[in-house]
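Two complexes are shown next, each including chain A; its partner changes from chain B in the first to chain C in the second.
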Partner chain A sequence: MTEEIIWNEVRKNIAEILPSVDVNGIKSNDRLVDLGANSVDRVEIVTLTLEGLNLTIPPHELAKANNLGDLVEILLKKASL
Partner chain B sequence: MVQVGIEAMNVFGGSAYVDVMELAEYRKLDLQRFNNLMMKEKTVALPCEDPVTFAVNAAKPILDSLSEDERSKIELLITCTESGIDFGKSLSTYVHDYLKLSRNCRLFEIKQACYSGTAGLQMASGLVLSQLSPGAKALVISTDISRFLLIGDSDAMSMDWSFAEPSGGAGAVAMLISDNPRIFQIDRGASGYYTYEVMDTCRPVPDSEAGDADLSLMSYLDCCQNSFNHYQKRVEGADFLKTFDFLAFHTPFGGMVKGAHRTMLRRLHRMNPAAIEEDFERRVSDSLIFCQRVGNIMGGTLFLALASLIDKASIKEPKRVGCFSYGSGCASEFFSGVITSESQKELKQLNIEGHLNQRYKLSMKEYTQLLEGSSAVKFGTRSAVIDPEMLAAARSRGLDKCLFLKEINEFHRRYEWS
Partner chain C sequence: MTKALITGIGITTAIGQGKDSFVESLLAGKDSFGIMQRQGRQKAGLSFIGAEISNFTSSKRLDERLSRRLSFCSQLTVATLEEAWDEARLDEVAPEKIALVIGGSNLQQRELVNTTEAYTNNPLYVKPSYSISLWDTDLCGLCTEVFPIRGVAYSIGGASASGQVAVMHAVDVVESGRFDVCIAIGAMTDISYLECQALRNVGAMGSTRYAEEPPLACRPFDQHRDGFIYGEACGVVIVESIRSATSRKAKPYGKVLGTATVLAGNRNPNPDLESEIAVIDKVLDQSKLSSKNIDYVNPHGSGSIVGDTTEINAILSSDLSNAFINTTKSITGHGLSAAGAVEIIATLLQMRTGQLHPSRNLITPEVNSINWVSQQCVSHKVEIALCLSYGFSGINTALCLENGLQ
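Right after this comes the complex of A and B.
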């Protein structure tokens, strides 16, 4: 799995949950909260991404992500195991 | 075969509430968020209300409906709470006294965040199923208040308060557990558990909360799926879509339940959004009605949802309810039981909704005064006299006969009936 595939999945799910966000302008230091996602939105985006990539990661590991770049890094690391 | 479950059940949703939308406007928060929250009102504890008064006021109508002989069969009293008032003396001691229960009775308190009510229910069911004392009944009362909003400086204390404040309520649910489960007959042995250590939300200091809201929501979803997986291992052929006519979930706020339901159906049945919405309306929405008016009452919230469902749903023939309980920290359980039209008839006699309608509506000024003035009944208060004139109009809005905190004398709490 490449970083590109993970970013595409993340962008796709952000677009689904937050239709008003321009996903092409998203950068790795963006935080979901700054894009307008509330707690439920954030969890939904992460859950959808895990499902889309067929990954299982414990909640406490995911909670370490401070921005979207961190999230992608955690997902990539898990996918490479 | 001995049956087990809830023989009688009552909710006490307090004497006063605030309108959540007014609160959102007052706090100048994004109103769009509050539609996702799916909350309308939340009960606010008055200075003369504490976890003991909530517990007693929930249980009193049940006790009043029992004969002397039936009351004497209550051999176990469990209070389930994360709002304890003493590290050693459980609040069940006060509850036992004010409810005038038999002295030949066990009593203790259970703590495991919002899972505590389920823990109490299952332990009480074990007493009944063991048949070591045939005919014995247990009184299980979940009681919690959130009377605090101290926000510290550290990361752990900076929760997403825009969700926590409008959803944190106060209330109690009392359940009589016996071999005559007229309200909710538990499917014996049909339980799946899922438990692991996680630091999501907690009460590490008196009178406040700390935690990570995102982590808590993720743990909730993780546990919902995995406790149901375990349930499926125990119950052959169990299907999330077909086995249960209704679902009642722990409801920290309505939006969480909606998210969990959506995630489960998407994962397990690959359903599209329109079909998921239809299923939510049909099987889940009735369970949210009381929760949307009382707020998160922690250990009792699942049972507030169950009471709401039984009160509001269309129940012509017996219906199976799938129940999901989650308590931060964390412990979770997926279990099931059966409700009937008789359950509804019995529960409606207690007029839970009527009592919610009677509550006093607090203005934002009154609400903020309560938050600021709550120091009188902080954990560890040695002596205090509660001003009976404080919001006297609200005091009269509970039940006809209601217990209130009168004073604390050398840590000993004294109560009075209205």
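Right after this comes the complex of A and C.
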């Protein structure tokens, strides 16, 4: 799985949950909260992404992500195991 | 005697969204029955007749982000409340003086079945938001997020009487003096094929007799009925204190003169004649009325084989011979938790128009000694109406309404 595939999945799910966000402008230091996501939006986006990538990562590991770049890195690391 | 006014209503059913469309279809006896198509009411080998809502317009108060993720039941609730809210001009009332009661429980069984089917093989990825929408009080959260309601908000159940139970409770809340307004919502019971089949198996839901002729399936009080027919619906009733309504110069649809509940002491679905007679006696007593004062009855009239017979006997025993009777469920279908509110709304709109709606398929009534409004509308200015609702578990409720135009 490439980093690009993961980013595409993340962007797709952000667009699904936050339709007003321009996902093409998203950068790795963006935080979901700054894009307007509330706590439920955030876990919805993450859960959809895990499902889309067929990954399983416990919540306490995902909680280490401080921005979207961190999230993609955690997902990529898990996908590479 | 109860003193609370109804100063706004909102209605969404399969025959129309909004009171203008609803009342026009009601008076025309419009047919909206068919084989139900909504996802989650489908299962190989099963088929259920009902009245499903089409051409629904969501509330303009919902942004796209919220709207696209809300369940149908939730969207219906907000849109229907919006109509009632705007009509009653509740933006004029202090949010702390407005309470909300949602009538109904286990409202979103179809969502539950769809979620179960989608995630049975991989429950790890179930949507986190399901943890919120599974509660009936999610509707309280949604309504109080969209509208400035800051009094109390909770749900209340009474099976098929839930809508009327909610209105009765709203009257109690307003009468207590704690709040000026209490919004009662007869929420949509969004059932799946499992509830449909269980209700069919228990003998409550029809129609296997008219399986090939859906327009003929829903026929309360007719000799050829074979059970109730489901109808999607939501009804919102704004209950307000006389003091508040007068000070705001609100134009009431009607006044609630009295409310009553009688319990049959029975967990089962079967009706109880003594309780049905007793609840009519009790509401007349509460309202300081005699049976002769009632000139219109909106019955429970679900189309249940045993239930309708029992209700006819209760009505005949209660000497309501001055009253016209029709059956709203013959046109809307049975909205289950919504029904009691929908029928109060149908009663108020008939009061306002001076017309009583026809009863679909009431061609060979079980008895002729009742003043049925059958195939045609009747012009009649209702002065005092009696609304009846019954729910599984021996719940029998009644409410008297006085025409607000008097």
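Everything below uses one rule, namely that the second predicted complex is superposed on the first by the 81 of 81 C-alpha atoms of A that agree within 3 Å, B and C clash if a C-alpha of one lies under 4 Å from a C-alpha of the other, contacts with A are read in each partner's own complex, and residues count from 1 in each chain.
The criterion applied here is as follows: a residue touches a chain if its C-beta (ideal position, glycine included) is under 8 Å from a C-beta of that chain, and two chains touch if they have at least 3 such contacts.
The structure presented is a predicted model; accordingly, all values stated were derived computationally and were not measured.
Contacts of A:S20 after superposition on the shared chain: chain C is touched, whereas chain B is not.
Contacts of A:V40 after superposition: both chain B and chain C are touched. Of the two partner chains placed around the shared chain by superposition, chain B is the only one that A:A63 touches, whereas chain C remains out of contact.
When the two complexes are overlaid on their common chain A, residue A:E51 makes contact with chain B and with chain C alike.
Comparing the two interfaces of chain A, the one with chain B and the one with chain C have residues 40, 43-44, 47, 51 in common. Those residues of chain C that touch chain A in the complex are listed here as 64-65, 68-69, 122, 124-129, 132. Within the complex formed with chain C, the chain A residues making contact are 17-20, 40, 43-44, 47-48, 50-51, 56. Those residues of chain A that touch chain B in the shared complex are 38-44, 46-47, 51, 58-60, 62-63. Contacts from chain B toward chain A in the complex involve residues 33, 36, 160, 162-163, 198-200, 212-215, 217-219, 221-222, 255-256, 259, 262-263, 266-267.
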